[in-house]
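Listed below are the structures to be examined.
Next come two complexes, and both contain chain A; in the first it sits with chain B, in the second with chain C.
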Partner chain A sequence: MVAKKGSRGGTVGEDAGEELSRVPLQAILLADSFATLFRPITLERPKVLLPLVNAPMIEYTLAWLESAGVEEVFVFCCAHSKQVIEYLENSNWLNQPNFLVSTIESYNAMSAGDALRLIYEKNVIHGDFVLVTGDTVSNMPLTQALKEHKERKKRDSNAVMTMVIKQSKPSPITHQSRLGTEELFMAIDPETKELLYYEDKADTSKGTLTLDKTMLLDRSSISLHNDKQDCYIDICSPEVLSLFTDNFDYQHLRRHFVKGLLVDDLMGYKIFTHEIHSSYAARVENYRSYDTISKDIIQRWTYPLVPDIQFLQNSLTKLERRGTYRASDVGLSRSAKMGPFTVIGSRTTIGKHSEVSNSVIGEDCVIGSNVSIDGCYIWNKVNIEDGCRLKHAIVCDGVTMKSGAVLEAGVVLSFKVIIGQNFVVPAYSKVSLLQQPVKQDSDEELEYADNSSGNIEITLPNTADVLEEELRTEVSDLQIQAASEVGGAGFIWSVGEKGLEEEWRHSVAPISADRLVEIIKSAADELDISNAESNILPPSGELGLDSGNESDDGRDDLTHFENEVEATFLRAIHENVEEDHIILEVNSLRLSYNLASTDCAGALFYAMMKYAVDTPHGSAGELLKITDGVIGKWEKLLKYYLLSLDEEIEVILKFEEMCLESTKEYANLFSQILHLLYDKDILQEDGILRWESEKEQADESDKVFVKKAEKFLQWLKEASEEED
Partner chain B sequence: MDFQVVVLAGGFSKNLVPLVSKEVPKALLPVANQPVILYVLELLDQNDLKYAIVVVEGESAALLISSWISINFVDRLHVEVIAVPEDVGTAGALRAIDHRLTAKDILVMSGDLVTEIPPGAVAATHRRHDAVVTAMLCPVPVSGLSESGSSSGKEKSKKTSRYNIVSLDPTKQFLLHIAAGAEVDKDVRAQKSILRAVGMMEIRSDLIDTHMYAFKRSALQDVLNQKENFQSLRRDVLPYLVRSQLRSELLSNGVQSDENSNGQDGPPDSKIVLSQLLANSSTPNFHDIYALGLAGSAPMRKTHKCCVYVANKSNYCSRMNTIQAFTDINRDVVGEASHLSGYTFSAQNNIIHPSAVLGSKTTVGPQCMLGEGSQMGDKSSVKKSVIGRHCRIGSNVKIVNSVVMNHVSIADGCSIQGSIICSNVQIQERAVLKDCQVGAGFVVSAGGEYKGEALAKKEKF
Partner chain C sequence: MPDVHSLVNEFVIKLNKRQIEGSKMTAKLTAELLRSFISQQRLPHSNQAGALIDAVKAVGEKLIAAKPVELAAGNVVRRVLHIIREEDISLTNAAVGGLNLASESDDEDGNDEYDRPVLSASAVAAAARNALRPPSLQTLLEDIPHSAAVPHPSSSGGDSEGKSKSADKNSMTRKLKHNVIEVVNELIQEISTCHEQIAEQAVEHIHHNEVILTLGSSHTVKEFLLAAKEKKRSFRVFVAEGAPRYQGHAFAKELATRGLQTTVITDSAVFAMISRVNMVIVGAHAVMANGGVIAPVGLNMVALAAKRHAVPFAVLAGVYKLCPLYPHNPEVLLNELKSPSELLDFGEFSDCLDFGSGSGSPLIHVVNPAFDYVPPDLVSLFITDTGGHNPSYIYRLIADFYSPDDLVVRRKSAS
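Coming up: the complex of A and B.
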């Protein structure tokens, strides 16, 4: 053992070798994705045990970790933890000589953050470790990345994490990668490879992304990437665990932890990236990546993790021409056709005139005659009767498809579902024996919290046998009801809140051409929006070749302040912050910029109007309505700052300025909105009239809006006279 | 000839007060005793660009410049000087001479540019990509040139002003984003649509926009006519073109996108294009892909290309637009960039005009210049300075890191450091000037001590 470590240390680097040899390389494998994208399948079996080209996903991860020189792995199980542990106990992983696998079980972890906090408490990690999820397929060597990480750490103790990334340009149309993940924007220092910015849930409503100016202070260039994929393989220093403990609100590895570190410049922790070029690394995140990665495995990108090489637990198959793999004991009828890139597992029989292409078929399946299967993933013990047609579907263990049943593209049949004769399962539907949980929080932001429902499942009997038994009874109870849904046994899950619209994104089926055309069309509209946004940039008033570098500080401060107030206001809208808090925030902003309260009123008003005009609208009338809504909603807030006439005049002046400069759309609505503000008691009569009188001495050009509001002013005056 | 050269020579720049005066507009300020505009014109001459339009702000400045050019370049270049009203800005200046622009492409240069980078390189890049605009960028000089006496001013300027922020594609050929003017000091806002199309952009803060642009004439005129409030090429026109490169609003650009689609294999089959896009195929030109992206369904997307030419680091390139830059360029042209000056240096690495007279024990150090007919008294020393024509310098005078223009008289015992002394200035005995600018015709009284001041006669501009 000692000798082995020594030799490994040698490859890592001679000076680091000694130090390394004392701490074995450890890895944390999260056997729970803390997500719900694989439902309904994952209600019955944990994701890491789902077969990927006829071997459970966790096998790929463990085999890779072992080959990459990891010596100790902690498998963290949460959902269906018993199944995972049982599986590992039955496998050979727990008694490998140089590869220690131990499990950590938890019943209440709801996120990766919880898992890491728990592991920290156990105090089992002693040095740098590799953090992966149990659905990772990779063949990358870790030595280089580890070496870089350690060297960086030595120079800068704040370099706590190295993220593995890989080139992959998302589709310009769907804005998702080939793995079906959302497009990712990253800013990386090209010299040091430090990660500076990470945005994976891109806000599509914004046409631009904003990098903090301080990033360019101490470096002369930044590369901004939209063409990289996050492999979710992280090399972490032990500090990462304590960071999770210190920040108990970190849940998601990327959304909270990575972003948290990037934003926080107080502690100065840094994240670096390591790009791999020739090796493979990907994570089965959703059905589309399941499809993509399966194809990559069949096409041998993941060598040596391919079907014809036996790493543990998969049945041996033989590679034949055209990328087909066949176990030795497959019962293939003479007239059956086996298309390219197909894998067929042991003891499976295929009947006459059936065609299989681009598909994976598991063990002990019985496929009848005249069946056509294209692009499907059929797991074990599936019974497909004559004349069925399947296209781009996932069919789990024990499913029976009665003769003539049809699966349209993107269908998922969970365990033991029975599809009735000649029944056509509509595209993108998911069928399960279990009923869809009533509580639907498919809001992805709450993914981690969503697992609470997963935990309820755990309190149910956990082992497969019991579950099966229960299912059987359940089936009989619900058979009548379920039968009506699929003509056999199973419920068709209704699509989540996001609706069918989004379902195609993550399904196994390729995106249809019609859909693409649709997206392109809507993309054109999107462009127009971003177009409008970027056109707001005011043309400079500065002149000529002489670049005036001195800018008026006072004015600068004011614009800064206005921007801050606007940001605060927008945050308030999006996060439902209470008015009191906004007032507090705005006040503190005012103090820090050393401005008068009149400026607050102006800035807040500006923010509201800006928000209103930024809300998509068609006609001027619609804009007026939106403005009415916004002002109405935040009336109180605005009034808080309108203490005297001065503030009111400031608001009108601000509005005038907006009409002239940034938001010309208001120009024609000037009088109407003034009236609106009057109606809402935001502006008093005196204020408006004072504004008018102030303007009297101004230039003709300044009086444009006074003229626009002439009628209204007239009316005001008359009204007041009447009162007198 | 299909490249038309327009030199924007400015007028009486406010940034360079008190150096400029009614007699000396910016373009005629001396760099190593020659007007700065000479360097641009020489560059054109060397590159065989024999026709140029020089645009000057203000009639009087135009007269001065045109008379100077007609004397000095009479048989070498065909130069036409056109006066435009003051304060119209660079875009305004081009708008004013709109009718004079006839060639397919326009090369716009700033009249205060001192460089050796051939404009032909920019033109070639421009042509190669059929771009609507090509900007020349040059790397920021690495060394801070900190040896200069005016280090305090230098540090200050470094802190307050950052250079341009530009984004390039990985091949460093296309300009994807440019922050100009006040935006430079704000957060960087990159357009996602462009980033998506390119995949990766490199944001650089170490490149300077040298104000040498090649424009496609039709596009330039389109923008100038459509956007009447655009005043500056650098701050308005260029950023606008860059911003809108994937959704071009240029009318006359339709021709170009047609060319794109008819490129290689006739009308593109929408399916092929889609499959290409899906397969993440990376073809060299993202504009074309993007334009084709809609070919299957929606109307053709219009794009135009904004290119850059990034100059080699070893090339000298600087613009004289601040007082600091004036000092730096003068120092550089007699110092490290001496090949630009066109003079031959002596063995001591300086230039002393044969007609200049030096008193006994007077030394003129390396990287110095002493103009025609200037006289120096005894025991004086000149270090790293440029002294103009017909100056009279007394005894025991020290001149370090300074620029002294023509007809200046400096009496005995003066000390001048890091200062700029304009023409016809009189400096009386024992005056001490440090980091000062002395305007034309000013009289510094005897024994006066000044530090970091701008001294000038009351003159109304």
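Coming up: the complex of A and C.
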């Protein structure tokens, strides 16, 4: 392999003179996703060789590249590189005319960045190239995108990359695309199609997005999309490779490279987008997209890459009514039911009264009778005994399910696992013969850790050998434990706490209705809180939120504060908390809500009155008595906050407000209670009079209570005159 | 040899990937491929015809499997097989005639003992074939070599030419191959010129001030209409647009640029317009043995509308489109479901195709079949390069062009 590569490199070098006239279209195919989303399956087999509707994923990618006119493909293999190379050698790809496939092997590439740096060192790329991963399914023609890219390159040498995008609406509930990826935000210049902003990890809970305003400096408009899907098909100029080499910290194609270029103004490199409409392109990133893309293939969106067209030299498969594909030599029992959108591979037999729907079943499987399979992906040589029930699961090669076993939604059974009789595998669990690595990278963002996967996987059997003797007893213990774990053979992998929470997002199983309701509810709650008082739509942008919104926020805060104070007060009553403690608590609340002490007085008074009116009472007189009692009891507390006239007026205003709105029962007692407060020295004469004079300018409607208190006010005035 | 095999493989892959579209293109390429295949095939000394037939069948099997819905490939393979058989017989007849002049088929068994084994095998084959051959019109007329009843000597001239050329028969090896290649060349010629032959008959069918309706786009139909136009017939054409590919648009444009009065209508307006139409003329993808037609989608509806209003429904088809098979479940088995993206925009519907919620099964299914099956009772007339035929006559026509042994193209060793 190496020799071959070398010789080719040599010939290309000699042809360098002709290069200007015509450069063959080259492609780099990364046969390693540098992620762990497909674990535990990918511990045993590289992702690109996993079957997607009964054909390895890399077949789709290569078939597409070939039909799109790519002439030379470099397959970069890292994890399980031997398996990938062996596969390619056994396939027809290595000896196609007009389509050269060569492999580049690496043992220590940790990321896409490393891979591209290695390829740059090899010096095999001589012109524009297509950069894809080995899990891409597409039928798009490249000619148009290439032409656009070349023309742009001619005009502007900084246009180094064209990214292929496709419209795909994200779910408004879960904020993820149909491929199970996060909602993606892109800002694109509508005229030049230049990509200005790329964010796939936006915080949807906040509902805001911050864009650099310099984007609008030299262009009249930008369009912001959340309904575009990144197809992970990039047409790159050779500069991209050198950029990766220059910036040795670039690891991830999107997170580092694309965002890096967008942020970096110095170099001025630009990325453009090319949107496809009628053709299909998607990448299998996680189990969710595995399911989605499988269904797209079955529904023929990827035509001509569909099961009944043998782009792969597999056995003859025929398309029948209702989207069912059946190989010519399937042994389907007469009473077995084959539901819609089902693919059954050759030599598979299905027993009596079994039902299969929305599923893909591989080759050489034996399925017993009374088995129900819905929405599952069953690979090759799987043995499912009678009475099993499977729902939305992935079952890898060589698995045996003993009779009566049940797979709940979202289960993944890795290679050769045995599930015992009547064992129920709980939802979203992953079962593998291999133990879970101790150092589990809970987050796919940890690239460095992720990419050690290649090494771990390669050395795994060896270390096992070495340690075997020492650990024999232990291992056998584990085996027993494993056996009991699933009633057969295999370990159930535990998922991290966060993992479990997020598992449903990426699983093959559709998101359950309960879960959706839950999400809608929590989203609604969030909205409620923010909308509670303001009755204003959630801010749609950061602009235009000036004064108006702030006051809304202030009112919001005040209500919260009042509620808190009330709660504190009630607790104080029921738990006999000391006054000092209440003061302390109220003060801290005041500070945390950043309010004035006048608000404390108002809030506390409100709480007391509320408590009084909530106490069961009969007539108005009784209520007055209760109020008297309450105020009498907490007199000191209230006085603590009534330091100046302002607070007193605040209390009166609050009281007025209560009489008008929440506790109308007080309306008739207004005058009496005002008197009461005066008697208790809570309200000073001056305060009350000031309130009156303030109210004088107000509307007639506002003066209702002034009139009610007229007698009392008059009495007050007379008294003060007398004193004088 | 590996050269040819790689050629075959390349062709198979192209068919497989749907890079070759259209029955005419397929037929032509298949014939050319078989020609080069035969010319490079090395034949043994004994039972040459048998060996050649086996070899061609092996290739044919691959081609048919690559794209079962493209019946033209299979048709051409069968035609070539038939040519080989015919050539073999004529050579044998000549040889037998040369060796023992008065030999009858009954006596040939007796000849076996002292004749060369090569001869005996082919003689037996000839006898068997003569017995099997149905009394077709062409067999009856075979004795009159250049009669008016055979309009194109190219298609049936194999026998006579073989006979005339069998004068010198020193090396049968080269003779058979040479003759076969010559006739295959004629076949290729026939495929590429059949639309001219069909168009020549246009004036017989299109009359003054008539209204012709067609659907979608067909090269043969275009030539046919233009031929009538050139003969100074004035008529109008309704073109149904032919959703979802809308090839009718381009077709109408082409007719208009050539000076034909053209009206474009939607497919769904066909029934409304059919009462004003004098004749429906359409192309076909394939013609089955029972006279049924595999045609672009939408034609069955047009045929039904034509039947309802008693409008003649004429199908133009080159002989290479005649398929000796009977349709069984043609809506499914002889159909090709294309990508749904021709019907609707994936992006717009992507939220309906989200499998992440609900039961996990999509609520929108899009079915985009490429072909329709028009049953024979809806077809009034087939216009082929050998003249106009009734649907009920198709099976006889097929007997002229194909040998019954080749209906199933499969090597005997395989079965």
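Everything below uses one rule, namely that the second predicted complex is superposed on the first by the 473 of 724 C-alpha atoms of A that agree within 3 Å, B and C clash if a C-alpha of one lies under 4 Å from a C-alpha of the other, contacts with A are read in each partner's own complex, and residues count from 1 in each chain.
Please note the rule applied: a residue touches a chain if its C-beta (ideal position, glycine included) is under 8 Å from a C-beta of that chain, and two chains touch if they have at least 3 such contacts.
Just so you know, these numbers come straight off a predicted model, no measurement behind them.
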Regarding the shared-chain residue A:349, is it in contact with chain B (first), chain C (second), both, or neither? neither
Using the superposition on chain A described above, determine whether A:212 touches chain B (first), chain C (second), both, or neither. first
In the superposed arrangement, which partner chain does A:392 touch: chain B (first), chain C (second), both, or neither? second
In the overlaid three-chain picture, which partner chain does A:185 touch, first (chain B) or second (chain C), both, or neither? first
Who does A:168 touch here: chain B (first), chain C (second), both, or neither? both
Partner chain in contact with A:97 - chain B first, chain C second, else both or neither: second
Is A:516 touching anything from chain B or chain C once the two structures are fitted on A? First, second, both or neither. both
Report for A:227: first if it touches chain B alone, second if chain C alone, otherwise both or neither. both
Contact-wise, after the overlay, does A:421 reach chain B, chain C, both or neither (first, second, both, neither)? neither
Per the definitions at the top, what is the overlap between the chain A residues touching chain B and those touching chain C? 168-169, 171, 173, 178, 227, 511, 513, 516
Complex contacts: residues of chain A adjacent to chain C: 63, 67, 97, 139, 166-169, 171, 173-174, 176, 178, 180, 227, 229, 277-280, 288, 291-292, 295-296, 299-304, 309-311, 316, 318-321, 323, 340-341, 357-358, 375, 392, 509-511, 513, 516
Report the residues of chain C in contact with chain A in the complex, numbered from low to high. 6, 10, 16-19, 65-66, 332-333, 337-342, 345-348, 350-351, 353-362, 365-366, 368
Residues of chain A touching chain B in the complex: 168-173, 175, 178, 183, 185, 187, 190, 202, 206-213, 215-216, 219-227, 511, 513, 516-517, 520-521, 524, 527, 530-531, 534, 537, 539-551
Contact footprint of chain A on chain B as seen in their complex: 8, 10, 13-16, 57, 87-90, 110-112, 140, 157, 160-162, 165, 167, 180-183, 185-193, 195-206, 211, 227, 229-232, 234-236, 239, 243-244, 246-247, 271, 274, 277-278, 280, 282, 289-290, 293-294, 296-298, 321-322
